[in-house]
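What follows is a set of structures for review.
Note that chain A is present in both complexes that follow, paired respectively with chain B and with chain C.
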Partner chain A sequence: MADLYFAGVDVGSLSTDVSIIDHSGKLLSETVIPTGVNGSEAAEVAFDSAIKLADLSREVITAITATGYGRASVAFATGKTTEISCHGVGAHQLFPKTGTVIDIGGQDSKVIQIDSHGRMLDFTMNDKCAAGTGRFLEVMANRLELDLDELSSPLNIEGESAPISSTCTVFAESEVISLLAKHTPREHIVHGLQRSIVNRIWSMVASIGIEGEVTLTGGVAHNRGLVVLLEEKLGLTLNIPENPQTVGALGGAHIARRAYQSSLELGPN
Partner chain B sequence: MMIPNRKEYLKALANSGQKIMGVLPALYPRELLWAFDIHAAEIWDPPGEILHANAHLQTTICPIVKRSLEFILKEPDIINAGYLFPHTCDSLQNLGTQVKDLIGVSLPVYTFYNPKGSFNNTTTRYYRDILQNFQLSMEAVYGPLAPDKFLAACVLSHKIDSHLMAIQQARMTDHLSLNNAEYFKLMRAQEYLLPTDYLSLLEQVDILDQPGESPRARMMVSGILPPTPEILEFLDELGVSIVADDLLAGSRRIPKFPMDAPVSPLDYLTDRFFILPPCSTRGGDLDERLHHLSKHMNASQAQGILFDIVKFCEPELFDHRLLVKTLRGKNYPVLTLETELENHISGQDKTRIEAFTELLFEMVSP
Partner chain C sequence: MSIRAEIKYKIMKDYGAPALMALQDFKRRKPRPIPEAFGPPLDSNKRLKEILSRHYFLSRYARGVNKVAWVTSGAPVELLRAFDFYTIYPENHSALVGAKKQGADYCSIAEGSGFSQDLCSYARIDLGHMLSGKTPAGKLPKPDLLFCSNNICQTVLYWYKAIAHELNIPLIHFDAPFVTTEQTEADINYMAQQLQDMIPILERVSGRVFYLDVFENILKRSMETSRTWGAILDAMKAQPAPMTIFDAFGHLAPIVSLRGLPVAQDYYHILMEEVDTRVTQGIGAISDERYRLIWDNIAIWYKVRFLATFFAERKMNFVTATYTNAWAETTGYLNVKDPWNSMAKTYGQIILNNNLKHRLELMKKMIKTYSVDGMVMHSTRSCKPYSVGQFDLRKAITTDLDLPAVILDADIADERVWSEQQIHTRLEAFCETLEGSKHG
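Our next item is the complex of A and B:
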């Protein structure tokens, strides 16, 4: 298996991520770029850039798994797998004792249960709205005129978090407007928003339960305030990958590697 | 196998002078209607877009009730013998009252209050009683019932059941050459085809001598209606076969086991009603339904079960939570989709279905 390389290309609603690994599973490079309006173009650009970073050429990549909502648009992929399976496998690679993955993505959130090999056992996904997703935070950041980093700080001033009772993006935004009108400190509103997402995620976790260690993936895992609140709510310490956004792509690369290995075991038909 | 389009078929029938009763789902004495030469056409599917009905119904009413009312308001030229509202759920019962008293359609509106509960002396007596009452209300309009026609209608129904049972069995064991989309199109054709036309369609179904190619994964579905054709085609594309179902518009209308050919129509219809599979709309026992589901999962070797739940469907939602909990407890993979009978699958539902099939594929991979 020397000189074999595998890639995962995750075309998400907000970002397109690529991971490249070698035959042993060692990570060689990763890229994250905004998806923009054209998923297939974003996939090409991100893939080229990851190849360059790994100092490889396109031709040497043995197998490529496309994943994410735009998985069907990756013409150069050799296979496609849902982001749900990919996040399970990716989280398992990074934290082998993971039994539950919480993925808070740009457009949707998922809770995935996996076995000791990273194979999916069960999952749940949020409904057809942006509640409890990265999109929710983006909308609120705009409304509060904060950047996403500022929106991620844990509560560090005196006082309670502002009560945001709605998990719906539209209603929560109106609540934020009212709170701003009442001169509620922005930090308290931020904390209230983080709590609102945590409550939404909690209801999903409650529907399928927690097994083993819990790994948090997706861009929202960068939000420190939310992580603190989620850990508090779940009563445990979360595994946070160094690059939570690329876990799906990493899982995709490993799935491509597994598929290649099993095709060798099965032999040609 | 050519299956005519529901609306065009019914329009042609109406134009030919056929008496047609618009029937709401799901269980009603179709044989009695046939005996009066009335065609029972179920009106829960077309039309797609709901415009007029929303003016009369709350937003939290299921889309089947809305579609049915839309049909009643928008297609007055097809149905000519009246409307029949079985007591499937409170929403349909209320719709019957609304159509009769508030909306004021010109055709007669009939109701049929199915017994809730399982087989016992009281429920069977009650069922016979409402059958006879319904017969009387038909006789008041169409004259005395001809006993030989009633028996012939039951014989036809018995033949249809026998074919459906054989087809169901063939599907479980991969002896059917129909894919998911074709299979459910065939099942749903009974909602609007004349029984004789439907029987000849069933007679054309090819049951293989040897099992065909095994699907990549096997799935059971439960709920009211089968998944939308787009989902069925997507499952076909993925190589997943729906090998068994527990759908109100599917197997819940087929007796659990073969019956003797009818001799007395009333006895036959009463016996048939009580050997239908357990159903949330008949207030069935949940343990019995669980047993039924597990039995079919095992018999068909289904690896997982998909619940396709119609939004705001009270009877199904009552059962659903406990069913899922128990099945998950038995390690059956379960996926629930909530549908408003949209014609297209959302990207999220597509991902859900695909991820679920990946889970099933993992279960069968070496």
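Our next item is the complex of A and C:
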């Protein structure tokens, strides 16, 4: 069993992430690159670089799960699973007491309930609009001429944050433009944006409920200001993975590993 | 009534319509191949298409022979039938436009005239049709009368008012008080009285006299037709189910828009017989039915084929829906001996005019009796009365019955609201939950 390796390839709308694990589930390497315009090419590049990092070759990877929006375009995958299931399994691997996963990805936010094995029990997602997602923050960072790091600071502002609607990215952007025109301090706007996403996530959490520990995944978990506000709103401490972006890929790798193991248990036929 | 129009109508009925049917048959001589995931298609599909094509075709020659009424799906149409109105159902027509993926075109015509994009797409498509004359049915007759009931939503009243204003024609509104707990005697009396008050107006508009025995016969026919429809839906309790709910969405058209006419009554006998035979012979609508699902809300007309295929390929079959059930649920109240009160009970208590507690109990019952494993709820932008409350219903059902469920954000007929990739992920994740729950 010593030479078995498994990979998860998560082709998301903004980034493509790969995780490689060995037969025991130990993480060997991870990569994150921007997806760009060609998802299948991004998958190839990220996969090759993760293999190199782990000092392996393509041939030794036993099974590969593709996930994320571009999962259908990963020609070399041996299986496909939605990022919703993958985030559940990934969060369970990192924080085994996780009962609820909040994933704020590039163009989707999800709240996922999982059982004690990391299997998805129920989930809810944002609707068609990208408000409350990573894309929303990107649009706003651009408008405010800030980079994503600057948009991430926890802020202790005096008085109320600027009110920004949480229903639509395009409307929210015009609200930001009017706030700038009124010389509203940028930190009040940033605080308002963080709050807007938190409100959006809160309504999803409320619709599905919280069970067990709550783990936050997806690139937006890097936004420290948002994490502070979300914890405040939920009244609990969130588990934040070291690499929140690769939780889906990690879950994918574990799903590949589980599928391989159960196929062994079932025998060769 | 003009003699010329009558002769033209008769020629079209006896020669034009059969010629059209023959032409359609010729066009369909090479049937589309059926994907492996599906069982054999229903033979009744052909008859259904004939009935609907004929109905829309003859409608263009109806003016001058019969008065034309545009009617909402929940209105007590039996009363209009007693005056021989040729009835057109704008909701059915809008669904047809939606199914042809032309909804956005028609909607934008209405939007260009100032109607909000937040308005129901059935209404926008109908208004778009009225303003432009466009229709996939060739041509629709202008109405002499509008007949609506707020038992399905409040929008219909304002939508029909806009048409009445534009065309300067009478509008009759049947006001059905919402059932917050139980229907009261006062509600029933109020509705029964309205129906009787409509008679002189309908006599004036139609130029025909009301005969109680004619009306009673129509009521009897309508009752019998709805019961047959209910029995057809009941047959889907069989495993495997002889139809999918996507079939039923199509076969629903006659009970909605031709209710009370012999053609609908006869049609459901044909369909019933076919469905019964399939049950006896164990023929399923999909080749391998492993999971049974319930659908909530109106169909997503432009994606019926996509959804049917998506689920059939995963061995999942929709065996029941609150939507198709709506035309069978309350017809048990109809009683020829007490026509006015019984119509008030039937039309006043339909699902969209009834409280959420009622809906929850109804859905739980359907889930149990149809051996359902999972639930798909369509939260539709167009229909607020149907969509509000779905989050609470979902929570109650998933908690009490431990049933996996998913909500799809889409629209009934405006395809611009559809986000393919997001829906796909949501549906696949739902299937993963369902498979996990059944196989533990």
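Rule of thumb we're sticking to: the second predicted complex is superposed on the first by the 265 of 269 C-alpha atoms of A that agree within 3 Å, B and C clash if a C-alpha of one lies under 4 Å from a C-alpha of the other, contacts with A are read in each partner's own complex, and residues count from 1 in each chain.
The definition used in the following text is that contacts are C-beta pairs under 8 Å (C-beta built on N, C-alpha and C of every residue); 3 or more make two chains touch, one makes a residue touch a chain.
The structure displayed is predicted, hence computed values, not measured ones.
Asker: After lining both complexes up on chain A, report clash or fit for chain B versus chain C.
Answerer: Partners clash after overlay.
Asker: Tell me the contact category for A:Ser174 with respect to chain B and chain C: first, second, both or neither.
Answerer: So A:Ser174 meets neither chain B nor chain C here.
Asker: Counting only touches as set out at the top, which of chain B and chain C does A:Tyr69 meet: first, second, both, neither?
Answerer: A:Tyr69: touches chain B and chain C.
Asker: Let me test your reading of the model: by the given contact rule, A:Asp122 touches which partner, first (chain B), second (chain C), both or neither?
Answerer: both
Asker: In the superposed arrangement, what residues of chain A touch both chain B and chain C?
Answerer: Common to the two interfaces on chain A: residues 69, 81-85, 108, 119-123, 125, 127-128.
Asker: Once bound in the complex, which stretches of chain C touch chain A?
Answerer: For chain C paired with chain A, touching residues are 391, 395, 398, 404-405, 407, 409, 417, 419, 421-422, 425-426, 428-429, 432-433, 436-437.
Asker: Could you list, by residue number, the parts of chain A that touch chain C in their complex?
Answerer: Residue list for chain A touching chain C: 69, 81-85, 108, 119-125, 127-128, 207, 209.
Asker: For the complex, give me every residue of chain B touching chain A.
Answerer: Residue list for chain B touching chain A: 328, 333-334, 338, 346-348, 351-352, 354-355, 358-359, 362.
Asker: What residues on chain A touch chain B, complex-wise?
Answerer: 69, 81-85, 108, 119-123, 125, 127-128
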